[in-house]
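Next up: the structures, one after another.
What follows is a pair of complexes built around chain A, which joins chain B in one and chain C in the other.
Showing the complex of A and B:
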């Protein structure tokens, strides 16, 4: 475990040095993320200027859900963004070979290799939104603790979906589009699931469980209701999904065919 | 016990067969057709410690696939390989500490950073103790002359520098076996020479077992104690260079420098029972023949009787010619079979 943190630290330092090599790219990246999040908020604002409540949820509450969603999403983006490269490039071009010739778990090696500083944009916006709307929640110490504890589980849902879908590249050579398709479902997650029809609700709750990355846990913090489903469900889904995605990944590695050289 | 032990190693790939063009691509999307392709067929061999094995074959013969199984990147369809007593696919993380791998066409260096950063990260990945690391870097620097570019970003290195840097990266953790997949590809003659010297020195000083694939036959002639040649996934030859030459090396070349270049037309070997191939450029004539059927002295005698010669040199059969010959023979046999 000590070694894991040590390597993580070294890889992050390495990535930061790399980022410094391309300063313009870095600033444009952060700016892009901020712009994207800003526009999303403007969009919410416009919706609520037309309708005061969305299925019983106020703008303040929706913004809290939104802010909560950004924290784990940002963490996943910050630490585990290299998984995209697996589906898009590393497997197809045989660059994955490198990870298999090193005495480190290949999944771990892929994960620690990038440290996507753009993600600070998401994290920053997320924190600001949470601070702005913190009044909508009746905080207790226990709740604060649950809030903090829920973040790694939510992050793990994002990461697991990326691990599972990018591992499909081991059979399909390229799976970036699948990862993207799955990932984009997270747009549904920031709205109350009750506004969607049954099919979408079912999909985002149990198939691609993004509802557990934002709405369900956040709705517990907002309403104090259904802790078993909202937080217990999060923990169960998060663990099951991680388990499934790691088994897909491991199966994928033995199916890896490299590329001619 | 052998350092590398390969037993009935086999690798099949499932290939989709596609009709050409966009229509073919669509057809294959809806109705994919598969074909099993045997990239490596039933290979068995052993490599003792400290040997340099030249692994050769034409493009697509299965060299890289074999190397990738030996290094634990690919899982064999059947059979196994055992290196230093370990089966790569069983205990990969532990196994790779024993080996170093260089793929000439790829790099494992951190592209955007100064070269030395790569070494300091690899030091952590392979858990090399600080003291050992410095000693190792001194040694590698001495052999591969890294210091002149160790502070430059990898993307600015020349191909020759990058290759030296990649070889050093593969040796940092003092591996018992080194796999070099085309380490001299695309390099100029003097750089090739440096790299060969470095490889020979490492083998000599550290008794590192080396498996080397290459298309450059000078690499083989200068470095390898033994050659293992494959074609279409199967073994076609296993032995020393001397044996290879003995078995296949019947083609000899004699080079004559003529006094008068017009004499070239006078040369006539039709009295001999076998064909002799003649090539002339300026004053130089090269006669190529099978020396199991006609001896070198015979050719000399006949030539000197016909023309006036300033200089003669007799060339040993070079491997390139032998390899070409073997492949030609294989191709013919293959055609006859199918």
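Showing the complex of A and C:
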């Protein structure tokens, strides 16, 4: 375990050196994320200027869900963004060979190789939104603890979905589009599930369980209801998903045949 | 004219071939984006259910449904990304292969993209546009099909595509300054999605912003054609909106030529 952290530190330091070469890039990335999220908020504001409550939820509550969603999403983006590259080009161009020749676990190596500083935009907005709307939650020490504990589980759902879908590239050569398709379901997660029809609700709860990355856990913090489903479900789903995606990855690695000559 | 066509036909064919090879990729990306349209649909459905009024800022619910899916369709129709690599190609010198050919540099990208579009629209037209028209015929209280509006829509959408093409051509030169194309693209897309009315009809913004956004080039990319389809403009408005679109088209054509002139002047390609 100590070795893992030491390596992670080395990789991050290495990546930061690269990033600092191009400072303008860092700012444009963070600013892009900030603007994107800011405009999403304006969108919510516009919607709520028409109605007092959306299906029983107030603007403050929706913003809380939004803010909560951004923290694990940002963490996944910060640490594990390199998975996109597996599906988009590493396998297709045969560059994946490099990971197989190193004395570390290939999945671990892929995961820690990049440190996507753009994600600081998401984390920053997430924290600001949570602070802004903290009054809507009736906080207790236990709840604060549960809140912090739920974050790694949620992050793991994002990362697992990326591991599983990018591993498909080992068979298909290119799976970036599939990762993208999965990722788009993410947009559903930020709103109360009750506004969707049954099919969508079922998919985002159990197939591509993004509802557990935002709405379900956040709704527990907001309403104190259904802790077993909202948080227990999160833990079960994230563990099952991690297990499935790692076994897809391992099967994929053994099916991997390098590209090119 | 025929020699003109003969010169550019190979590019169109190349675009068609490329689109055919990567067809499944296109379909999967498209499915992903369709999901976004459905999120918006469910959200507005909940908004209309939660609201006491049956019409919000002049939009009834069926009109809103049309707006959502039409703006999605228009987004695909007018999308342009063939030129995203221009800046990079100039930077690393591979643009040389394009300059060597005795043809206009923009046309090079343009006709390749046209080939792409022929295939992609062929796949898209029936399910999406057909679906929209079917909704108008079968849906309760849906606005009736109006062929004149549809014609106006396509004229306006084609101009919108051309504006978008030249706008992206200009934008691609930002690769001179940034290596992080993900970030600068995110920045551009966020602004375009917002100010073009993709996220929410411009009629929902405060009056001051509305007037600014309506004059900026972004509304010409999407809002104008969609509003024409919905028949929201008076004949006088239609004429002035089309003129505004043409103004922005000319603006970006000229701008891209100016940028190209300066970029090429500083170009020195190494190696052989």
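In the analysis below, the second predicted complex is superposed on the first by the 260 of 261 C-alpha atoms of A that agree within 3 Å, B and C clash if a C-alpha of one lies under 4 Å from a C-alpha of the other, contacts with A are read in each partner's own complex, and residues count from 1 in each chain.
In this text, contacts are C-beta pairs under 8 Å (C-beta built on N, C-alpha and C of every residue); 3 or more make two chains touch, one makes a residue touch a chain.
Fair warning: this is a prediction, and the values are worked out from it, not measured in the lab.
On the superposed chain A, the positions of chain B and chain C stay apart, so the two partners fit side by side. Once the two complexes are overlaid on the shared chain, A:178 sits against chain C while remaining clear of chain B. In the superposed three-chain model, the partner touching more residues of chain A is C, compared with the other of chain B and chain C. Residue contacts after overlaying the shared chain place A:23 against neither chain B nor chain C. Looking at the shared chain after the overlay, A:14 reaches chain B, while chain C stays out of its contact range. Once the two complexes are overlaid on the shared chain, A:225 sits clear of chain B and of chain C alike. After overlaying the two complexes on the shared chain, residue contacts for A:98 are found with chain B alone; chain C is out of touch.
After overlaying the two complexes on the shared chain, residue contacts for A:36 are found with chain C alone; chain B is out of touch. Within the superposed three-chain model, A:256 lies in touch with chain B and out of touch with chain C [touch as defined at top]. Of the two partner chains placed by the overlay, only chain B lies in contact with A:6; chain C stays clear of it.
Put simply, chain B and chain C get as close as 5 Å, counting only Cα atoms, in the superposed view. Put simply, chain A uses residues 22 to touch chain B in one complex and chain C in the other.
Considering their complex, residues 22, 24-26, 28-33, 35-36, 39, 42-43, 46-47, 49-55, 118, 174, 177-178, 180-181, 183-185, 187-188, 191, 195-197, 200 of chain A touch chain C. Residue ranges on chain C touching chain A, taken from their complex, read 24-25, 28-29, 31-33, 35-36, 38-39, 42-43, 45-47, 49-51, 56-57, 177-180, 182-187, 189-191, 193-194, 199-200, 204-205. Residue ranges on chain B touching chain A, taken from their complex, read 13, 60, 64, 68, 71-75, 89, 92-94, 96-97, 99, 101, 103, 105-106, 108, 110, 112-113, 117, 121, 124-127, 153, 181-182.
Within the complex formed with chain B, the residues of chain A that make contact are 3, 6-7, 10-11, 14, 17-18, 21-22, 94-95, 97-98, 100-105, 254, 256-258, 260-261.
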